[in-house]
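Presented sequentially are two complexes of chain A, the first with chain B as partner and the second with chain C.
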Partner chain A sequence: MGSKGKPQTFACPACGGTVTIKAVGITTSAICMYCSSVIDVANENYQIIKKANEKMRKTLLELGVRGRLFGVDWEVIGYTDKKDGSYHWDEYLLYNPYYGFRFLVQNQGHWNFIKVLKKDIPDIGDANEVWVNGKKYQLFLKGEAVVDYVKGEFHWRVKKGERVDAADYVAPPSLLSMEKNAEEIIVSLGEYLKPQEVASTFKLKEMPDRTGVASNQPAPYQGAFLKLWIVAGVFIAFATMVQNMTVKASDNADVYSSQFQVDSTDRDKTLSTPSFFIPKKNNVLIQSGSNLDNDWLELHLSLVNEETNKEYAIVQAMEYYHGQDIDGPWAEGKQYTETYISSVPSGNYRLLIDADSGTSFRGINFALRIMRDVPSGLNYWITVLMILVYPGLVMLRRWSFENKRWSESDYTPAIYNLRNE
Partner chain B sequence: MLRIFAIYCTVLVILLAVANRNGYVFTSMLTGSQKADKAANHYHK
Partner chain C sequence: MQKTTFNCPSCGAEVVFQSSLSVYAVCKYCSSMIVRHDVDVESIGQMAALPDDMSPIQIGTEGYYRGVRFSVVGRMKIGWEDGSWNEWFIVPDDGRKGWLAEAQGFYAASFEMDDTSQSIKTQSVPELGSYLKLNNQKLKIVDIKKAVCIGSEGELPFPAPKGRKTTSIDLLGPSGEFASIEIEGNKRRIYVGHYVEWNDLRCQNPRPLEGW
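Take a look at the complex of A and B:
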């Protein structure tokens, strides 16, 4: 046998074609690229394990292609097309003389870089979750993997039609894969790779389209999701501080309050409050209330600056109805309302009032109270809401992503199990 | 992305502080209850 790292060639015992092996001394079976016969290369007798007469298929990554992944140069030395029913996936065997073997698996446009674990994982294949290196892996699928096609060389005896029981466990972006037959159990640990990474590593111009969500594909904001909520929490705390300071610094002062009585003779009249003074630029809160009884009241209010004639117009509407029906007493509407007017400059003001009420417009009493520099919780709650919008959207996106992921599994955690509801 | 979100939150908190300081109420600004520079001579009637 040749020395480590130097390829060795021999003639295929079935067709005479030249067969080259790269992992000399480790490879135990090789597939002739001319006739696809599987040859035992564990010793120099080169016996046929399985004779075939099949033309070699073209694959996305051809044998001999090299690329650098995770800081190591790898060469593609083997390829298997595996299937479970009608569902196929590609497994490329990568080799580096100093690092050994890895697998590059392509499944519906999703890629995984996989290393065989030399570790015993208790209950793998039976348990719904297993722990490896302090990480919990959730059972995703169980099935059977059948070798449908092989080419290249392998460090185990591989042949078409070979069957193993398989189970995949996921902890995105990691994948724990188990393959078991009568003789052995092989457990491998995989890491999700972005297709662009594979394309640039092996200089591929065309890649299979990515469909669906892979079992271990990282969800949007994987790793940064918690940080996003921490940032949101910190800024909500800042907003709360600002709001508390505003409440403490506010004058919250009464400017004017009075009672009014209107009847049908006042329908087209404009009432006016006496002049009142607003000492500094801030908001003005106008509160109104009435003892409405199966009636409505609409107040057209104008806060007018006596020096500049600048007008701040608002409409306040109240209605209150009540009665009795077969379900008992009922009541709807309200007898009170309030409106903020933003950033009113200092100066002397009057409030002009146009009142309108129900068709009868019988005598109606209402009270008005004008306050200035009143802290509003609305600004604070709108700010909090605006802060939460983005993390909320990300959370929804992640939830829908996980839902899509687990819709492909027979072992969906209850939280994503919407299909059976 | 996290940085952009932090900048966005900073702007929101500054807006809250400025609005509170000057007596702006976001909802009354949105509903447009404030009509500037409109002549109002009603009370001279």
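Take a look at the complex of A and C:
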């Protein structure tokens, strides 16, 4: 059968140095590592495209290093320094003879693993959103990419100064890029890589600092987001179920109710209800109401256990004022209040009442109602609130993250657009 | 596969045609280009050595495309202005005439399409970026290039001597559909298929590659 495939070497036509080609048969341009001349190796007669006489630049990832990403070993065989204006980024060309080529792109400390996409995406470059593999990509930026420096080998004709129109679409952690020149459109699909992943793959000790939020950087808790809400939903459903059961199991029973009438002669007197029985330990609800008319009422109540003398003291205050002013009729305050006393043991009780009222203490009516084992929604709502705190905070963080991401874009979706334009 | 064996008219060594679809072969001993007629074979010259490459495929490699097993029986190496690529002639178990194109690290399997539908007017010159409907798929013309055969090996369904000139048109669909139109003189062949990942080809007996 066929002979073993192996790298090829030849003498640089410019300086005579040994040039090695790894992607034999595919590589079109090779750059001499000694003199940086660009050599055309597309056809059998090798030619100098651009003669140079400079030392090869050092790069974070050097030519020839290998690393495993997404289950495949890749060798760095080319490097391009690209720019848009004064903004630079690094593109490393990765090669594996079985799997072909990938790009590893470093931009502001953010890394992407990119593969050319062999799919026709009709409106790419023009549309504000495009769909690929069932995912919606949003336009993030349009710009240009100019080759500023090259080293290594490439499966296309590289040239310093070569320029393409570029557009990036994002669906974090994926990135859809388009590069277009007069002859062709190249679409590629990228995946955000954690810097630690790149560092451990290529055994790098120092990495460029990560600044800002990258266009396709996954948001914190992305992916876990839906899960988070599902978990919250399950907890709330459970709390609701418990609450419903509690409501159903509650006696919600009346213990005592009566009307009282007091006037100025009762000012320092303590009224008492007759003795009433609470059959089991549960909460007690005391409701009071009064037909206050530009007046206030303060009830100092004391629930006293007749056997133990244990006392539960509460104050219920209400006020109600109304009148007429330049804006029309007004009213404030309320004529009703209620208080829960939790975990009242069983026994015989009476309620002691000290009433105090406003200057118009000339006789006031009020009603009292005592109930026991009344289901309260309070615990339930506190629970629900607590369940929602975490996902709520996460959502807030997510929103602020997205806001930061899109602050770098000219195509910010309205909900992340905080700038007044 | 219907295997037929002949003796090389040039060196006498055994020349095996693995597929009944093959009409041309390169003798692996003396590099004679052999054309098969009804009962005998004829040598039409000498094939020059193929330039080396790092292809992981070789004659004898077997793989799968959409669940159908195929074997690689021949190759054309095609050159163009900006480089070269491989067209591997594959013989699938379902008897179709297939090609596995290997270019710039991508693989695309395609099968010759019946060209009687006249879906494409022979007269019309396809334009880069325009769309063609092939096999009920709307495909975009992404590449038109003048190609020349650099060399061939193994067996092929037509003679492919060095210097054979064609126009090669590549088409791309929205879900990775691939098609290729090859124009040789006034003869035209249409191939339709799909881009395929190396892992999905599940290749056995790939070519050994130094360092990998």
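Just so we're on the same page, the second predicted complex is superposed on the first by the 402 of 421 C-alpha atoms of A that agree within 3 Å, B and C clash if a C-alpha of one lies under 4 Å from a C-alpha of the other, contacts with A are read in each partner's own complex, and residues count from 1 in each chain.
Rule of thumb we're sticking to: a contact is a pair of C-beta atoms (placed from the backbone, for glycine too) under 8 Å apart; a residue touches a chain by one contact, two chains touch by 3 or more.
Note that the structure is predicted; figures quoted are calculated from it, not measured.
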| item | value |
| --- | --- |
| Touching partner for A:Lys310 - first (chain B), second (chain C), both, neither | first |
| First (chain B), second (chain C), both or neither touched by A:Ser302 | first |
| Which superposed partner A:Thr383 touches (first chain B, second chain C, both, neither) | first |
| Which superposed partner A:Ser400 touches (first chain B, second chain C, both, neither) | neither |
| Which of chain B and chain C A:Val344 touches, first, second, both or neither | first |
| Greater residue coverage of chain A in the superposed arrangement, chain B or chain C | B |
| Touching partner for A:Ile26 - first (chain B), second (chain C), both, neither | second |
| Touching partner for A:Gln335 - first (chain B), second (chain C), both, neither | neither |
| Shared contact residues on chain A - chain B and chain C | none |
| Footprint of chain C on chain A - complex, ascending | 1-8, 22-26, 28, 42-44, 73, 95-101, 116, 118-122, 155-157, 184-185 |
| Chain A partner contacts - residues on chain C that touch it in the complex | 51-56, 58-60, 79, 81-84, 86, 103-106, 108, 139-140, 142-143, 172-176, 178, 195, 198, 205-212 |
| Of chain B, residues touching chain A in the complex | 1-2, 5-6, 8-10, 12-13, 15-17, 19-29, 33-43, 45 |
| Residue ranges of chain A in contact with chain B within the complex | 221, 224, 227-228, 231-232, 235, 238-239, 242-243, 246, 270, 272, 281-284, 302, 304, 309-314, 339-344, 350, 352, 373, 375-376, 378-380, 382-383, 386-387, 390 |
